[in-house]
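Please find the structures below.
Shared between the two complexes below is subunit A, which pairs with subunit B and subunit C, respectively.
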Partner chain A sequence: MIEIKKETENNYLNILVNGEADASSSIHLDKAIKEAMEEGHQRILIDCTNLNYISSAGLGVFMSYIEEISEKSIDFILFGLSEKVLKVFGILGLDQLLTIKENKEAAIASFREV
Partner chain B sequence: MRSSVTMAVIIWLIATSIRVLEVLSVNSGVDLEISRYLPILLEDLFYVFILVYYRFKIQSIESGNFVDLLWKVFATGLVTTVISLSIRLFYDSIADTMLAENEYLETFLKSVNVALISVFLISTLTVWKKLILYQKSKKLVAYWNVFEIALVASIFFNLTGLTLQEHLIFEILFAVMAIMAIILSANLKWVAYLNFKQKWKSVLIIVLITIYIFYFFTYLYVSPEEAITNFNAIDDLFIIVVFTFLLFYSIFSLLVILFNLPTSSVFEKKMEEAINFQRLSQSIQQGENEDQIFDVLLNSSMNAVYADAGWIEVNLDKDETKILSKHISRENINQVKEHIMTSKNRSVITNPMTSDSDSDRVLVGLKKSNYKSAFIVPLTIQNQVKGFMYLLNEVSDNFNKEMISIINTFAGQASVSVENFRLMGEALLNERYKEELNIAKSVQRALLPKVLDHNSSFSIHAFTEAAAEVGGDYYDTFQLSEHRFAIVVGDVSGKGTSAAFHMSQMKGIFQSLVQLDLSAEEFLTYANTALSKCLERTSFITLTYFIIDTESKTLEFSRAGHCPTLFYNKKKQLAEYYVDKGLGLGIIRNSTYKNFIEVNKMTFAKDDILVLYTDGISEASNAVHDEFGYDRMKSLLQQNAHYDPKMIQKVFISKLYEFCGGKDLDDDYTMLVIKFN
Partner chain C sequence: MRHSVKYSFDIPSSKNKLRLMRKFVTDVLKVHNVSDIEINMMVLAVDEVCANIIIHGHPTDDVSEVKLAISLQKGGVWFEIIDQGNAFDIVSYQEPEIEDLVKNKNKGGIGIMLVKKIMDDIQFKSTSSQNTLTLYKKVEFTT
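Presenting the complex of A and B:
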């Protein structure tokens, strides 16, 4: 089960991903990110503080947006990953392609200058 | 059956002949010494055989066919009457002739008449029995049997020579049996099952039957010359009781039918509703769809409440609404809906089943439109309101409690039928999905190598077990040259049939590229390019590619996003994970992928061990969501490094099962153990 919440703050969109991103629930994650892209947000934060588990399906969702993020020069930052989830990103190598920060402040601080 | 008729006729003939002989003996003065009881006894036996005959004859007729039974009675009566009338006519025509005075003829013809009348009486009695016993209860059957026994016994009462008018005992017996007959006559349930037309037919027939009964009674017991009220001696208990019974039953039936005429339409309507309900509850056949149920629902509901118009609107997915309407146009529908919204005269009937206000029914009185009353019922499917049924009537306050109740029943049943239909569809899909998974499993099994290439310098053992939802684990080997071997272990993202298909693509790519004896870097670069063309948008493959050179005792390997390999160094007696950089295949689908490839070289010595595995093992979780984990694997290898690969694998897997405690596999378990000799 997954719960996705969107918060629009100052100049960025914060997507909170709570629960587990597995084969059945990753559809919702996909939808949320897709909508965020379509709405034209240039700064998107993914709050993974309450993300307990991510399967290859969930990883696939993030992976599929890498190219678009790069093309549109979007600031797409994940933060608050637990040790376990961070390790999964690390083994696959996605940490080399996605920006991962420890917490929200660090994430905001790393926004590119407009 | 036939034999009883034959017997009856024979007996009647004998009885009649005796009567004629009696006349003869009176006229001629000769005493034939025939007991006066004999003819009476024979006539009684005649009755008995006729009773037996009709009992079997009527038994074969279907009991539900009331009008038919009544027709049969009518027909018998008609025949009897015709014969009787023709005899009378005959007598009228020969009046004043010698023949008219002939006593023998008179006796004979009288006997004929009496026989025919008794046939009519008994046949009617048998039919009345069938009608009374249409709805049997134990008590009723017992009661009837008592009456019947009494009747049969009464046949022989005429041997006593007593008459109704003169003897008290006769009167008492008659009264008792008459009362029994009247009580039995209260069983008229069959009337309710006649429809309007049949009721009228029955009325007609019963009136005619009653006329016959009167006619025959007067024939037997009323002298033509005397007043109607002065009966002849009634000496036959059986006959008089039967007359009484038939008469009472006919009159009762007649009254009950007539009184039931105005309400027969209600009964018919109830029957129709029951039939409609059954139609609604029949499960929808293959190839049909939900629309049929809604159609039946709308029609049945409109019939049940005499609605002048109505429609059903159902919300489909994607914000579409489907409308099914009868006797009202689309434009009119919108108009009426508006009126309904603005009408102040509305009462809400809450659904007693749930507290959810969504499923309340609404009764609305309209003033401005041509429809004066409306009833709105929500249609719920799987506990969600999916649509509404609107029923309209031009008369105000048309919908009473009964109607509301029946509509609720219909709507409820329609919901159940639609739900069943959908559940069936889901079940079928599930079955299909299970089939697909089975296919995927057998594909995967077929693609994994049965024989692992190696030489005497190392031993290798592989183990794999697929999860129910196939996980896409893959491993393979290839002998590149005399001393060099390629070994690969990988994991396709996702589950099920798509994972199995991607796995077979990976195998194809491996088997093709490996023949070119590429370096680890080249292999991964080409593999990534090839996979970029065939993987789905969100799919990727993790892989570790090894080249073992047993001559130089070196390993060359690269980890494309796969779980880190576990090494055991015999000298140091330590197991460790090799930490390096890597990126899964199919994530970067262009030429920059090669920037993410890191190639490592290592040497190995005797008794060193390599453990290759997939994340099904490292991430295997138990009931409290703990993972098997890297540390556990590391210590297991260290503790069991002295064993051969097969044994090491067995220990690992048994510990794994122990850890998981019999839980079902979420993901495939795969491990390869290589030990250098």
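Presenting the complex of A and C:
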């Protein structure tokens, strides 16, 4: 089960992902990111503070946007990952292909200048 | 005589019920004081193979049973997953390169990679009536 909330702040979009991103629920995560991309956001934060579990289906959603993030020079930053969830990103090295910060402050601080 | 503890669980044939299996595996391993990080890794590996069986192994027949047995023996945990669907030998399956998946904006293709990275040994056996997948992970636990 997954619950996704979107908050538009001053100059960025914050997507909160709560619960579990597994084979059945990750489609909702994908939909939220797809919409954010289509809306043309240049700064997207993914708040994973309450993401308790992620399987290949959830990892695959993030993986599928790596190229687009790079092509469009989007600031796409995940933060607040628990140790166990972060370790799952690390199994295949996706933690090196995505930008992951410890908390929201660090994520915001890493926005590139416009 | 070898000391071992066994548990078994019937996997629901729907992917939105996989969390029930994850809870079962988590609860079993918690009883034996396996660390949270290790538990999550093993839960993930079993979740991946069960999701595969549910999604690809049973295209039309959703009443087939998938059974999971967990056995803890000195030094490690064995997971045995038995199903009657289409055989899929993950041992001989050649995984794609992650760089290609990223380049092609794929969303799938990494489940089996995770299982192979997490587990220390994987064996697959298929007969005319059923498929048996055995996953082994070296881990510290209490009895």
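The rule we apply is simple: the second predicted complex is superposed on the first by the 114 of 114 C-alpha atoms of A that agree within 3 Å, B and C clash if a C-alpha of one lies under 4 Å from a C-alpha of the other, contacts with A are read in each partner's own complex, and residues count from 1 in each chain.
To be clear about the criterion, a contact is a pair of C-beta atoms (placed from the backbone, for glycine too) under 8 Å apart; a residue touches a chain by one contact, two chains touch by 3 or more.
Note that this is a predicted model, so its numbers are computed, not measured.
Trainee: Fit or clash for subunit B plus subunit C once both are placed on subunit A?
Mentor: clash
Trainee: Using the touch definition from the top, say if A:57 reaches subunit B (first), subunit C (second), both or neither.
Mentor: After superposition on chain A, A:57 lies in contact with both partners, subunit B and subunit C.
Trainee: Just to be sure I read the superposition right, which of the two partners does A:66 touch: subunit B = first, subunit C = second, or both, or neither?
Mentor: A:66 contacts both subunit B and subunit C.
Trainee: Answer with first, second, both or neither: which of subunit B and subunit C does A:1 touch in the superposed model?
Mentor: second
Trainee: Using the superposition on chain A described above, determine whether A:37 touches subunit B (first), subunit C (second), both, or neither.
Mentor: neither
Trainee: Quick one: is A:20 in contact with subunit B, with subunit C, with both, or with neither? Answer first, second, both or neither.
Mentor: second
Trainee: For A:96, using the defined touch cut-off, is the partner it touches subunit B, subunit C, both, or neither? Pick first, second, both or neither.
Mentor: A:96 contacts subunit B only, not subunit C.
Trainee: By residue count, which of the two partners contacts subunit A more extensively, subunit B or subunit C?
Mentor: After superposing on chain A, more of subunit A is contacted by C.
Trainee: Output check: A:83 vs subunit B and subunit C. Expected answer is one of first, second, both, neither. What do you get?
Mentor: second
Trainee: With both structures aligned on chain A, tell me which stretch of subunit B collides with subunit C: 261-269, 405-413, 567-575 or 657-665.
Mentor: In the superposition, subunit C collides with subunit B along 657-665.
Trainee: Residue overlap on subunit A between the subunit B contact set and the subunit C contact set?
Mentor: Shared contact residues on subunit A (touching subunit B in one complex, subunit C in the other): 23, 30, 56-57, 59-61, 63-64, 66-67, 84, 91-94, 97.
Trainee: Within the complex, which stretch of subunit A touches subunit C?
Mentor: Against subunit C, subunit A makes touches at 1, 20, 22-25, 30, 53, 55-57, 59-61, 63-68, 83-84, 87-88, 91-94, 97.
Trainee: Where on subunit B does subunit A make contact in their complex?
Mentor: 491, 493-495, 537-540, 542, 560-564, 581-584, 587-589, 596, 627
Trainee: Going by the contact rule at the top, pick out the subunit A residues touching subunit B in the complex.
Mentor: The touching residues are 23, 30, 56-57, 59-61, 63-64, 66-67, 84, 91-94, 96-97.
Trainee: In the complex formed with subunit A, which residues of subunit C make contact?
Mentor: Touch residues, subunit C against subunit A: 15-16, 18-19, 22, 36-37, 40-41, 43-44, 47-48, 51, 54-55, 98, 101-103, 105-111, 113-114, 117-118.
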